[in-house]
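Comments concern the structure below.
Per-chain residue numbering starts at 1, and chain names A, B, C and D are given in the order in which the chains are listed.
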């Protein structure tokens, strides 16, 4: 055995020994733990609503809510199947509920919201307040809020479910509880929080301010969103990357509606071509209406009404409206998380 | 001369000597400088619009705006004539402007706002943005913002002017500048800030957030205020003292519209009788419409449309709607100042 | 009577009539209520400690604390005698207490602090915590905190008292209460708050954070102040206007120690000549030790150990150390008030 | 084939089809994505310094820093080997550097700090400021700060490295850059930030406040930590769970030193037995000195000088000092992350 061999053996022994002691040599892992750039497992992906809707209708017929708790197709990023997520730290799913169904009351650590796609007549009850649901409405259920759904209409209702559970689970902060009764009693006048904040600039001044970082507003109705765009018309400069981009706000703080997810909606006029931008945040887009493309890195995804697009972090993103209608894109992002942790960066590409 | 006399003389000499040295014995002033309770010079007072309107119309005819800079009747509290103020730290005045008049552009340290009483066709330009004025509209001109008025309508316009100049002057922080031209050029689409924030819960997400503590919204239209009350209907508990009390908000922070003045509006149903409350803040009420009384300490003041009421600090205040119409009261208060300085207290009486 | 006379009479009548109605024409007062620049009543003034100390000693002999509540010579600005103040919104006084005396427990809305000038053996009890007093120590009594003084040493103690009562009274927010017993019981280990925060960067993490905007620290000892300057030596750039200027902090927020008064201390090396600056804030300087001048507008005031200087708002101020010792200047300012209200401005002159 | 079989087949087909479409049925994953309780992969673990020190010394001899970038043994939780982490969202490693070595300058998105274990004579340069290192010192390198190490002493130096890279990578927000030169030039007087903030309650008041959420202090020296404990002696109540627990602070905000990691140190008197508490945050303990145990769920780990303990979320933790010396435990936790996202919960067990 040469001395070189010996050195090698000794070294090997040390490497084995430190592994036994539940340690590892950083110099062999440095590029993995401190990569030069984000290396998201998530990839750019678009789910076509036209593909998924028939399956939702199938499961509506095939599976009762007593069996399913929630009848939802999770949108699983091709790069993030285990654990399943839609993009980094974010989840999206499509939920369907049928006439006369109820989805039982529960609560969980994850912050969540719903964005209604089609149908009418359903309602979500959040901490005792029944909130109606119409297409384009945004409904919040911040972490720890009891929520259940009921449907008194005549046609199926479908909505987008969004949660931050990938992040909550990465932080091992989850909990989940059943309410005990299938549906909550209604202890507050229907839709009161939305009505009290309908004019977000003129809000209740009695009692202590709502606690916590989440918005106290149960519903942000689409009718108001349309009013907002109509009032602005073409007079605002908007964002070079994303057009006339409006953010849903917590009226108590002026901040995002949830501490982990910022919700936004933009209008892109026909012909709009955005400046490409990349960000350390991830996001999900839902097409309220319109036709266009999202160029995400080297991937070009076309989209139309009700499609969903997952955007990974740090990929340059360019949006185009290729149709002849105004396009309305709803989106949500984990930007508030990145900002709170001083990890947010963005740059034009 | 007895020794007692001598002692007295010596003591007197010391008192005279320390006075010469620009000092004073605290023990002779303690109750004055640290009173056991607030002792406002301001008294409760109500100005009847019916009394003042004819004089406004008189001065409209008698005095050109080239002579007057602003044609305003200051509402001077009977207890605060020199320097003149409406109540502690607050000022209110009634301004009138005639068809084809302009009031020249200036700015000042004082934060200010206007609340429109009657007329139509006038506009205020604030930092290059022309903002239309209709009855019930609230228009902001935060400290340091250039502002001028113009009137292209056919009838006189009258509005309530509110400023914090008594406080600014008590702090010796004033400045006042003329713009140089009589009217500002219009550099922003008309009323854009109001339109961008029309749905206060869904606001611009491009560019950096507006700086400073003041609201970026030029106008809070009365039509939106009415929408807010209509949406709430009778479903909100409201304040036992002040009914369904809504606060105008800075959408960027969720805080008051100006750092020195919080603006509010309440609706009192017929028969409403408030719980009496006293506060270390002072306030001014303006009656948008309705009939009632304000019991302020031992003073009972009745009020009707367009009257103005000054409320001194620490007096118990009880509001009643004695008419058969809903009463809408607009009010502003220096509560943000008291809160910022940890001097705010309130109690039911 | 000519028509011109008539017009004049009518106008006069209207002016008389509106005065009767407790209003006034703004156009006759505009320059007074919205002055082009701050017009402080306060003037620059210096009180010589050598002048005042003999009088303090006189009153120590001549007046018992049972008569005086507090034995203090108020420093009254020559321009602000009624109501009395030291400069805009601020008050300073020199308090003396003799061996075996106690000053009875009271509390008030005004925020207050003490800065010790000479003597040892006295203590202030604040909300049940006895805090010792040595020259150069800063002791806080935020608004609403019970406080009393006792003296178990052998020589007279003299300190600077500072309060914001001119502002509190301008806002009509005062209250004053006696504790009921002459001295508070000691319910907390002596000086505990100071000891818990002795290393301001490493502070208690149990229990809820102290409430309110005021610092929870009872005493900022001079020994620590000296340590701070010694550690910095000559390595810090400091302020061109004020040298190595350190601010006493509320460790909970990083902000000023009191919501109405920021406390600071600076060291000026021999030969230091500051850049002149003016500010909308007012301030009071107390000379811990050293010799120099303060040029305030066109007034030049020399100062030496223990002198006090009042600085009005908006006057250019230039500081010089004209001696051959390091000069240590303690100062306090209402800058937090101006900043909270968006009224703070400063400029080099 | 029976109709039941057919149904089964059809269902299967739908499940296959939706899988093809990159979706999944939530009802089959609900317990995994919304677990009823945190299910951390991390386990309670203790690394004995006595085991690891010989290997560090071996690698010091066997491996040059030109090969290793950083010579660190990562402490890999037995339950979190891929990707490697010490506990949920946190990393700890032991770094060794020899006389006359330098570790080259780099920066990264991850927030990091060092806590010195043994040796003297090394220094870290952070953004141009050289900061000396002694046992017990805490040194910060917030995300994006350039840092390199040098060693001019005669004996090896060992310290604990802490980073938040598991969280940064879970968020895909990483970047890593080399400075370009092996060592940074020294552009700031040595250790200035620590010296300017040595008395954390009395800090620089010139220039704009340091930006961002991270503390501007390069070093929190152990000598100051000892002073803090000595000043408190036995007069503070402390935490029932963790004794006299002090938190290192950002003096600008009063908050944690880094947005992702709070640093703390506690003293446990001999015989101390803590109340067991569980939290959704995770943490790492480093034993500065002392002997005791940590009961974490059903695991009891004994610890002595320089050992490191990983604590997973939501396990009840009980600390005991079983020796006859005071025990000093340094610890860090991701509690600021959980609080920012409204996911923090704690309860006594």
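Here, a residue touches a chain if its C-beta (ideal position, glycine included) is under 8 Å from a C-beta of that chain, and two chains touch if they have at least 3 such contacts.
Just so it is clear, the structure is predicted and the values come from calculations on it, not from any experiment.
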Chain at maximum distance from chain D, centres defined as averaged CA atoms: B
Rotation angle (°) superposing Cα atoms of chain A on chain D, nearest 5: 180
Euclidean distance of C-alpha centroids - chain A vs chain D, Å: 29
Inter-chain centre distance, chain A versus chain C - centres from mean C-alpha coordinates, in Å: 52
Distance from chain D to chain C - Cα centre to Cα centre, in angstrom: 43
Sequence positions of chain A contacting 2 or more other chains: none
Residue ranges of chain C touching chain D (in the complex, touch as defined): 189, 192, 195-207, 215, 217, 220, 224-225, 227-228, 231-233, 235-239, 242, 245-254, 264-265
Residues of chain A touching chain D in the complex: 7, 10-11, 14, 17-18, 21-27, 29-40, 42, 45, 47, 51-52, 55, 58-59, 62-63, 67-78, 83-84, 88-89, 91, 93-94, 108-111, 142-143, 164-165, 167-177, 212-214, 259-260, 280, 282, 312-314, 334, 337-338, 340-345
